[in-house]
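Please find the structures below.
Here come two complexes built around chain A, the first alongside chain B, the second alongside chain C.
Right after this comes the complex of A and B.
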């Protein structure tokens, strides 16, 4: 026990003297909060449009007005020839081109169905599909209007086409803002980066400098080394939890609907898994550089992409979906989302908590065994 | 203190097919300075690492301070100190913080740590620099502090793995004074080096080559036992040519290049200087100097290693 206390005291002395420490504890959370809070936004608010009106009829002007009045489609240019559309799309000045063919107005008056070409820049598929949806809705509305006018012109004035009108209510995130999900997610990415990398680096650093070897020839037990090395990063992780939750709720105004204590407790459970991963990385790396590469390319990147933070897991191929069950971050994102946005409690989240717990115990055991074996 | 501080019997270490240490046996007496010599890759560090419990042996047995290295590793660790060429101190902890940490890890009480701290500062010559960080200290001080830290728990046996690598000659000398002082106080010192002048400070030395023990004894014994023929130092400008010519002559036992000189040993029944002048004179080489020298350990080792390599070829 005394040995462990000496080990812990040494670790905290070193941590206090490490010039990177403030940077690592503070800058990380602040930078990510700003990044995800203000800079990154996956919502599509506006879709710039170029209009090629070859008809110049009342009908074509009416349609264009519907687009420009919608608020989603700022019109960035009017052209007369189809070939003039290309430069707008090529140079990303417009993401959508509305092409109104000649005789558009005449054909409508003659009661003929009229094709209306719409070109969408598919290179940004997310914006493209959102833009198409908006455009489709506007055109459908326009089309319906023609129908109604037609009816009344033919003397069926009192008659209205029957419509089913959906009344959609969005739960949990009524404005459908991606920010409301992304910002709380920082808690996951932040803890992953801070704890895995720092733990692995701190251990490998001792290997590099030879002090690990010096430790092993003393009567200290491997478990005492492990606890001594992990404890400081557990505390750093806990500080980051507080900072990330405070930043998200107080600074960016995204409330926690569920219990903050549940969120904090489950975050600590998550740290257990990341500390285990850090310890594991240290047993497969000889140098700090290797540890860094291993952590970034084999842990942080795949986890960020595959855990449902940026890309929905349901959209992934089945086999990858199974892989995601092995990622602790996946469960933690579910926990974050559910506690922050849905406000649910432990009665709903216990499977995720259990998964984290099992993963944590397994990885810590495995890494400790490897660590001891490497020492022997 | 048992009379025998370290005893190895047929100690062996294999890494796959490669045999790093090949059945070596030796014993080191209590209070002795035992030098362990060999080239890089000869198995020196592997042996020392097995004795310290850093590596599991693959065969044979050994005891350190009376404890078996495999079955009583914990007791071994309590009774040894270890210092490698890397001077393993924490660069971001001050001198006293390092001492307190290592003392604590060795399980010393607070009073004991305070006592040993004064001792360690004295040994390392760091009075007044207690608050310095090791990286601010000159190499020699760092190295003595590392040794002091490895000896806070007054171990019976201390292992030094190339302790003087990269330290200037004056500091090396002072370091060896310290080692002798520790040995006089009863500590057994097991030290590896490839500086042959340092080997002369040892009570006994052992040479290993390619994992095998080649010779063991006091420096004087080794010189007497293995170099029976006189050695002459020859100075000439055409040194490589001269060596090739001498090697062809039956009367010449061995030649080796030492810096810009040639060391030649001639079978005892001949007049050595006459033979050399005769062989070289026939090819118009006239050495500017030929004189008998007292063989150094280096001569001994070159002789022994040549002999072993010749045997292995056969």
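Right after this comes the complex of A and C.
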């Protein structure tokens, strides 16, 4: 026990003497949290429209008004010639072009099936598909109105356009703010980055400078070295959890529906898995550079991308979806979102917690075994 | 003064060092391929198969028809019928259904009597992007249904073969299948170029300093500029090869064709590579050790290129202050240029502003770093 305490003291001293590391641990995460927190936003709020009205009739103005009144399609420009549309789309000033042909107003009153071209910039597929759907709905609604009007002008009174009106109610996130979904996830990526990399580096550094061999010849047992190495980063992780949760909720104003304590507790469980991963990386790396490359490129990047931080897991091919079950970050993201947005409790989240626990125990055991073998 | 004869051996030495460090080389080559395949096949926002539950209080042929059109589309999957209001409160939280459509009891009666009907649609908005897309599909399909009902009503009123007066003809430019991979591939080039140039340049200089070999070089007749050119050239080359590889794989796997000029694409890539090299040099003047260099390099390359360039998150959505910050981010310009050239086939006349800003950044950062480097690294 006393040896362990000495080991711990040494580790904390070492950490305290490294001023840059503390900067990276505390200032780095806060800066990232703020940057991510303000920059992440994938809302499909509006689709800018350029209008090419070659008709200038009451009907064409009517249709344009329907677009601009929808709140979805701000009109960024009016042009008269078709060729003037291109620069808007090419320069990404407008994502949708509404082209109203000559004699549009006259022809639709004759029920002539007038073609109405709408150009959509498909490069940003997400907002393109939403824009396409809403534009289609606006035009179809208008078209239907004209049809019924034409019909009643011919003496058939009393018919109104029949509409099925969808009253859309959105749960959990009524304003559809993508921030509320994305920003809490930063907690996961921050913890992963901070703990895995620093743990791995701290151990490999000691290997590189040869002091690990000195530690081995002392009577300190391997498990004590492991605990001594991991403990400071566990505490740093815990500090980062508090900072990140406080930053997300207080500074960035993301509402939390569930219990912060539950989130904090499960975050500690998550750190257990990341410390295990850090230890594991240190056993497969000889130099600091290798440790960094391995951590960043083989752990952090794939995990961030495949765990549903930004790209939904349910959109992935089935095989990759199965692979994601092996990533602890996946479970942690589910936990974060369920607590933040859906406000659920441990009764719902226990499977994720169990998965984290099992992963943590496995990776810590595996890494410790490898570590001891390397020492021996 | 600067001689190619002295640069060549440095390049050779640097290449040898790269070749010996198998893992780093692997990272430079494998990571781009991995990311490309991930972005092509796994990572997308293409929303499909959203589980949809139905609370049909009408249970008529019409209501069933109305529901069928959703379920038969590729966007929604049937996730079960619900028979009470309370059940809605369980299917959404348990995520069995993301969308619930509630059809009122007199749905068909009202429609057949030519009256409009409101239906309730509940959407799980936790993932706002998916929810917005799902709502868009729902609105469009419901409108289609309304139009059909109106046409049928007109027929009942005696109009033969009523047709809609407007023929909506959407044309999707640049990416007709609306695959997000097409948007991602150009972004990926910028991302990978930035990462590899900044990280490898800074590490290769700092490593040399950490080991003290830079002092040996500074007492040799090699001019600092020669050393710098010699050390960075291999990475320029590797980056350009990586770009070509990404373009080839992008074409082979996802049919991403470069519509614009290849020469322009090459030149822009070269300018961007110099931005990355300049940043890498700057990092090497600030960081003393390899781990610091690595952390700083990933910080200045990864974060701005991923977060502040429009790679995944539209710049227009960001708060104004952050939008201003993106103006000093070369990746912002490069991604715009890449997408314009690759997807839209736009020429230099439309891109000169971005090109100018990127060139200014490349010159500025190289000048600043070179000055700092002369003082701190070579102590000239």
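Assume the second predicted complex is superposed on the first by the 360 of 376 C-alpha atoms of A that agree within 3 Å, B and C clash if a C-alpha of one lies under 4 Å from a C-alpha of the other, contacts with A are read in each partner's own complex, and residues count from 1 in each chain.
Assume a residue touches a chain if its C-beta (ideal position, glycine included) is under 8 Å from a C-beta of that chain, and two chains touch if they have at least 3 such contacts.
Note that the structure is predicted; figures quoted are calculated from it, not measured.
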item	value
Chain A as common anchor, with chain B and chain C clashing or fitting	fit
Which partner, chain B or chain C, touches more chain A residues	C
Partner chain in contact with A:371 - chain B first, chain C second, else both or neither	neither
Partner chain(s) touched by A:211 [first = chain B, second = chain C, both, neither]	first
Chain B versus chain C as contact partner of A:169, first or second or both or neither	second
Touched partner set for A:142, first chain B, second chain C, both or neither	second
Partner chain in contact with A:305 - chain B first, chain C second, else both or neither	second
Which superposed partner A:332 touches (first chain B, second chain C, both, neither)	neither
Which superposed partner A:88 touches (first chain B, second chain C, both, neither)	neither
Where chain B and chain C come nearest after superposition, their Cα distance in Å	13
Chain C contact footprint on chain A (complex, rising order)	20, 24, 28, 32, 35-36, 38-45, 87, 89-92, 107-130, 132-137, 139-144, 146-148, 150-151, 156, 159-174, 176-178, 180-181, 197, 201, 205, 288-290, 292-294, 296-297, 301-302, 305-306, 310-312, 314-317, 320, 337, 341-342, 344, 348
Chain A residues within the chain B interface of the complex	2-3, 5-7, 9-10, 13-14, 17-18, 209-211, 213-220, 376
Touching residues on chain B, where the partner in the complex is chain A	52-54, 56, 74, 77-78, 80, 82-84, 86-93, 97, 100-102, 104-107, 150
Chain C to chain A touching residues, read off their complex	21, 23-24, 27, 31, 34-35, 38, 41-49, 66, 92-94, 111, 114-133, 135-140, 142-147, 149-151, 153-154, 157-159, 162-180, 182-183, 203, 207, 290-292, 294-295, 298-299, 303, 307-308, 312-314, 317-319, 321-322, 336, 339-340, 343-344, 346, 350
